[in-house]
């Protein structure tokens, strides 16, 4: 059991520790950044090739019209949900352990949304016509089809992206002011000066800040739920066997939270190691995080079982055929891998000794995300391969290198954005850690006797 | 009559509160209590008891924004669907309610968030020019009290601040 | 698009389709295909290639499922584990079923596919952005995507082959979804001619390319609204109702004298193509 | 319909065809694009030619010898699509896929565009004048008797000109070769009925038993038979016709049969005689002589020999006895054996015994102008040419419409044989295998560019003469019609007779007008008559027909017992004639390559079809590359396993595996013609196509078979998609 | 203190203004004499001379005398050269002018004149002249030049035709949306079709 944040830590120390993470990057940082750029380069190359040659190079087919792009799109959308969960829900519940970690979680939300958005574009057969999807008055006098779940998606994701960027930014204003006050030269100074909007921590600012932050948090929770249930409606609204399932929206939301939490664990370990944030990203926090992840994993497992059993027990033979196909057909290895990574592996998290074992958690959390990615693919791939119409079944359609290249590159893109963010903006919320320390000190002062584990 | 600003920095929040209460009670001539600004590195809702009733209006923006967003979305979407090109799609009505409600919902939130931010900027007076006196310490760990008063009141301020163990008192230079 | 319009015509805008109260006005194009006559010869399919500027994609692309046959002939066997397929095969021409409540229509983000006044499922190529959601949602998988830019692909229409292209039909570029249109270019001409003469289109005046080619005449096509049309009579005789998702005759136990049915009707797509079951002699 | 004032041949002179704006970028983000395209602009035009409206011209399909009437849709000077001519009795407005693909033969990018003279390994473009001059010289220098023509089936005025040319030079060497033709059946029919091909009335039959005749797909006149088939299925008074197909490899006709009987290869005749015997036993009146001849064909023996179950023979007997009239047809699968003539004769006997002659087997109309009647091809004619070459009897060889180097079996060694001919002229559409060997290649017009008359091989009703007329201007200025070339050659020989004709069109018009009395236009003005002929596309001729021999006789029927298995080459190869490829002459039309084979749904490749049992024995599965080796060669192909084939048999489609021809056919699949064993029908000397013995061995890795059917194959997985019910439950008479 | 209220109000106002301008600009109803490009034609055909008002030296020939296909086909078409020559053969007065000389050169060479399209809709659009002429000229009995002019502008004042109308989708719809009387005498009105496949092919 590691120690928690010290109540007597000097506030100036907090500033100093966090601001240190903004200082000149080390070699390792550049290496990671370059790798990320190279990955993005691969993806950009693939996309240019695909754009010019046609969607066919991704090796989809007429019966298999979607593939990894959509699977990865859902994956990234899902990934974005935990930032909101940690930040907004726990904020409303006054769970103060969120404070040191919510900032990077929110950044993760924003960046994974930005990654997800790219997949929508990459997926389009006529990317150059994407503006047809936007509702704006035009010389054709036509509008997009508001009945389409894809348009809902567009609205939902746009809303979610702008709201979470706002949320991230608003929550960062006091910290930006700190940066402004502590960095005295260069473009950063200007950047922070502009972005901090002249924040001085006056009582009026704090008062309005509190209510604003709370309000947006309130909005974000239903928004996050709606975003992923709308993404789920892309599938549930269709008549594809295996998609047309009532439990899809909650299943998607649970899956989203799950993969998000796993990603937070991964990034937690990385940031703690890279920026030496042991003081703030403490093991007790990790423990809470792991427990939360475990709980969500079990919810997800349950919903998965519900989905399978309702298909199995229901009378839709088509959907049942498809379930059997998933479990026994050419996709079976991936299907069972998904079950293993998604439902069996997280059982490790239930053991106390593993809950703070960082190297293990790092590995496990990555595998959980692999499992969750497989889950999305298992929704797309086998369903198309084995739909309503036996004549057009297509069991031999595997994604081409172009698809893999773009999917691979998306991780680089995310890493790139995240790395840049970490160097430009404080990835631990300084003012909230101070608040946390302050409130704990107050609590200690008032009730010195009680000193629990957390 | 010219006014001067004075910023006092405190280490201890309780002392700062005490200073404020005293400023309020002292009823110094040439000093309007409403001009007193507290600056702190973290939020101190407790201070409201001494600062008095300073209303928050952001929530009204939220309400207006959310309602406007939702209403506007529904009207726009429905009337766009009912344009000249209205085409039956999949046997559903031209203006189908479930999809429109989904969009209304999203825009309700978006409107809410945007106008809330607008409200926040308006109510918090942001973006703002830096006030005449500011110390970086305030964003670190010290509490600052910024007062504005006639020349005459400066001495009174100083007395109170010093009494409450102000670490530092800054005065507006010149003028 | 104005609010007054919305309010004034609210009940129109809330109208469900297909419904008894509001049938199609003048035309409702429909088809019936007699599977007992279909010999699987592929003439319809080739005729469709000729009429609708379909690219022959070649082996490599065909192997990746990029074929473009708007009308494909499916071949089914009914020999459950018998030594020989000794009752022959069953051929089934499958094209866009022009569903009255087409699942593809709702999901198109840009509204490129709609239900027309004539009861067709339109596809506006130039509006399409290529999200392929329509085909994902099509239970018949009757839609075909332009995975490549066929007009500029080598050996698809090398000169002078491009001169065969039908100017009445758009040549589709890459990234566009397409499908059977019931030869809408022919329908438009027929309707226009009839209109000039102040009448409506006679039965048999307009034929789809597949119907025209079919050597056994297995395909009939016409206006379901016109009670004199062959198609309307066939539908009537077979007791297949356009706007029902379960036909009354199916509930009757000795109702098996009628062989009209629609494929995957239970999905509530209300297809416009009625198939007549294949027959097999029991005496041999 | 055609205006006299307007020169018919210029009707398509439009400002380039570019004026017709071939839209290749239909889906761009374009808006209005002024001043980039040309307007369709004519110098002169007829009233009925209106831009943007298709005009239909009647002509005749040249894709096979059935002679279907077609209407070409012409717009802005381009022919866009072919449709059936409703006035043609053969196809009544319908068409097959092969016919539809005719436009792709016309617009094919691989067409020969100008005369080519061999210069080493290359062809050198020369002018027509020079080419004709050269031909004239070569013919003049050769011994008159040593000039030979090798053609496919020809008819009409081209045939007349060809005959006249040969007469003019004094040669009688005209060889007509067709790789796939029912020559044995023709010979057997001639013997049995007195005519080569009687008129078959499927529409009148209540039962049709076809011994391997793929009349719905490839046999004789498929579109016509499909029309009849539709009537046959609808039946008289709703009594649906029953189709039974007897063959070793399922054809598309077999796939539509109520009962497909997989028969041991070569035993078709035994089954036919067995049926005669069974019918006689069941009480059908059978001439004593016949009854005696077939009495050994007992049910058990027949079942044993043919592999058809006793139950099915019994049911078939009952069906034939109960439902009259019936019709029995012998086709490719019956005739393709060394005893093919006997098989066909046995089938004819069955027809006669059943009393079908005169009811469903009718006398065909005779052609009143025998000089225009089609000459049907066969393989023995090619053999004769080969022999003549071997004896140094051919100095100049004209080849038109036949591709023997591709389609003759390897054992004939055509390539080497032709090398011995000093000067070979090929009239060619594509640079196919035979044209590649020629010394002079003369490019022909497509059937959509030239004039002509065609007499169909099989008359649907009365005799008829089909008109072929240009549907558009020549695509390539360097091509010429066969008629024009022959006329030019004749002008060299018989200037007095022919120099009056400016071109073949003038000759044709003159020739037609000259016989207008017989063509039903005796009272018409020449031009009016000619215009009406052109606008109809089909001229119906008055003709007589003779009675058929209906008396049954079993004399000379000698059927061998089923063949013994060959240990080294245990399997029989059935070279399948598929509706898309036929004999391979249209393999370069991409629509046909892309059109899935009806039974296997394979595209763009050939395959080796086998029964699951055979596959299990060989240890192969779908997609395995196997080598099919006969005594005369070997080919490789991908395995396709399905149960529409007899286990003793494997089948490879014909028409693939071209070594030349063009971009869509070269190297696609394997050429099954090459490995056929030189076994011949004992009576006619025709190649017995189904007699090839092969062995199959695994050769190479597994591939994914490119086909339209998915992994579910023909299985519907319990979904109600393609439904089938017993015909007894439906009253077809009530249907619309 | 609340000066940023002003800024916000300003911002909102700006967005609203831009939006309304955008909406307004999106009304594609502008027409202008120089909307379309100048198209180089092989012969500079004087529409004003042929179709223009008599007062201005024109001969007031009906549009459909030359563009004869308009009433029975999708396209209005260009008259075959035959037709030009038919008249000009007997018009000696202009026989030697450069344009007519050129015309006869084409005729003698039997070459069609390569006229360029001036009103060229994209390839995915199907516009039917016949329907519009039938409705507006024959049923509603509008003067031909008015009916044609609605889309083609005031051609009778031009030499070589030049596009004056936007011919954009919204522009088409602006007219389709209106209620037009079904005939000259009828009070019954209908609007143009709104079905996608009516115009998109």
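Note that the chains take the letters A, B, C, D and E in the order they are written out, and that residue 1 is the start of every chain.
Methods note: a residue touches a chain if its C-beta (ideal position, glycine included) is under 8 Å from a C-beta of that chain, and two chains touch if they have at least 3 such contacts.
All of these numbers come straight from a predicted model, not from anything done at the bench.
Within the contact network of the assembly, the step distance from chain A to chain C comes to 1.
Chains touching both chain A and chain B: C, E. Each step here moves to a touching chain, and the least such steps from chain B to chain D number 2.
Comparing mean CA positions across the assembly, the chain most remote from chain D is B.
Of the two interfaces, C-E and D-E, the higher number of touching C-beta pairs belongs to D-E. Nearest to the global CA centroid, when each chain is reduced to the mean of its CA atoms, is chain C. In this assembly, the C-alpha centroid of chain A lies 55 Å from the C-alpha centroid of chain E. Note on chain placement: the centre of chain B and the centre of chain E lie 61 Å apart, centres being C-alpha means. Chain geometry summary: the mean Cα position of chain C and that of chain D are 32 Å apart.
If you average the Cα atoms of chain B and of chain C, the two centres end up 62 Å apart. For chain B, the set of residues touching two or more other chains reads 80-81, 83-87, 89-90, 92, 121, 125-128. Counting only residues that touch two or more partner chains, chain D has 21, 23, 25-29, 52-53, 704, 709, 715-716, 719, 721. Listed for chain A are residues 63, 129, 141-143, 145, 147-148, 151, 388-389, 391-392, 394, each touching two or more other chains.
This structure has the following touching chain pairs: A-B, A-C, A-D, A-E, B-C, B-E, C-D, C-E, D-E. Contact residues of chain E toward chain B in the complex are 1-2, 4-5, 8, 173, 176-177, 191, 194-196. Chain C meets chain B in the complex at residues 1-3, 5-6, 9-10, 12-18, 99-106, 108, 111, 114-116, 122, 270.
Put simply, chain D touches chain C in their complex at residues 17, 20-29, 52-53, 75-76, 78-84, 91, 93-101, 103-104, 106-109, 216-217, 222-223, 226-227, 229-230, 233, 240, 242, 244-245, 250, 252-262, 312, 315-316, 318-319, 475, 579-580, 590-596, 598-599, 601, 603-605, 613, 642-644, 663-664, 668, 704, 706, 708-709, 713-716, 719-731, 734-736.
By the touch rule above, chain A contacts chain E in their complex via residues 136-142. Those residues of chain E whose C-beta lies close enough to touch chain D in the complex are 36-37, 39-40, 69, 72-75, 77-78, 80-82, 106-107, 110-124, 163, 166-168.
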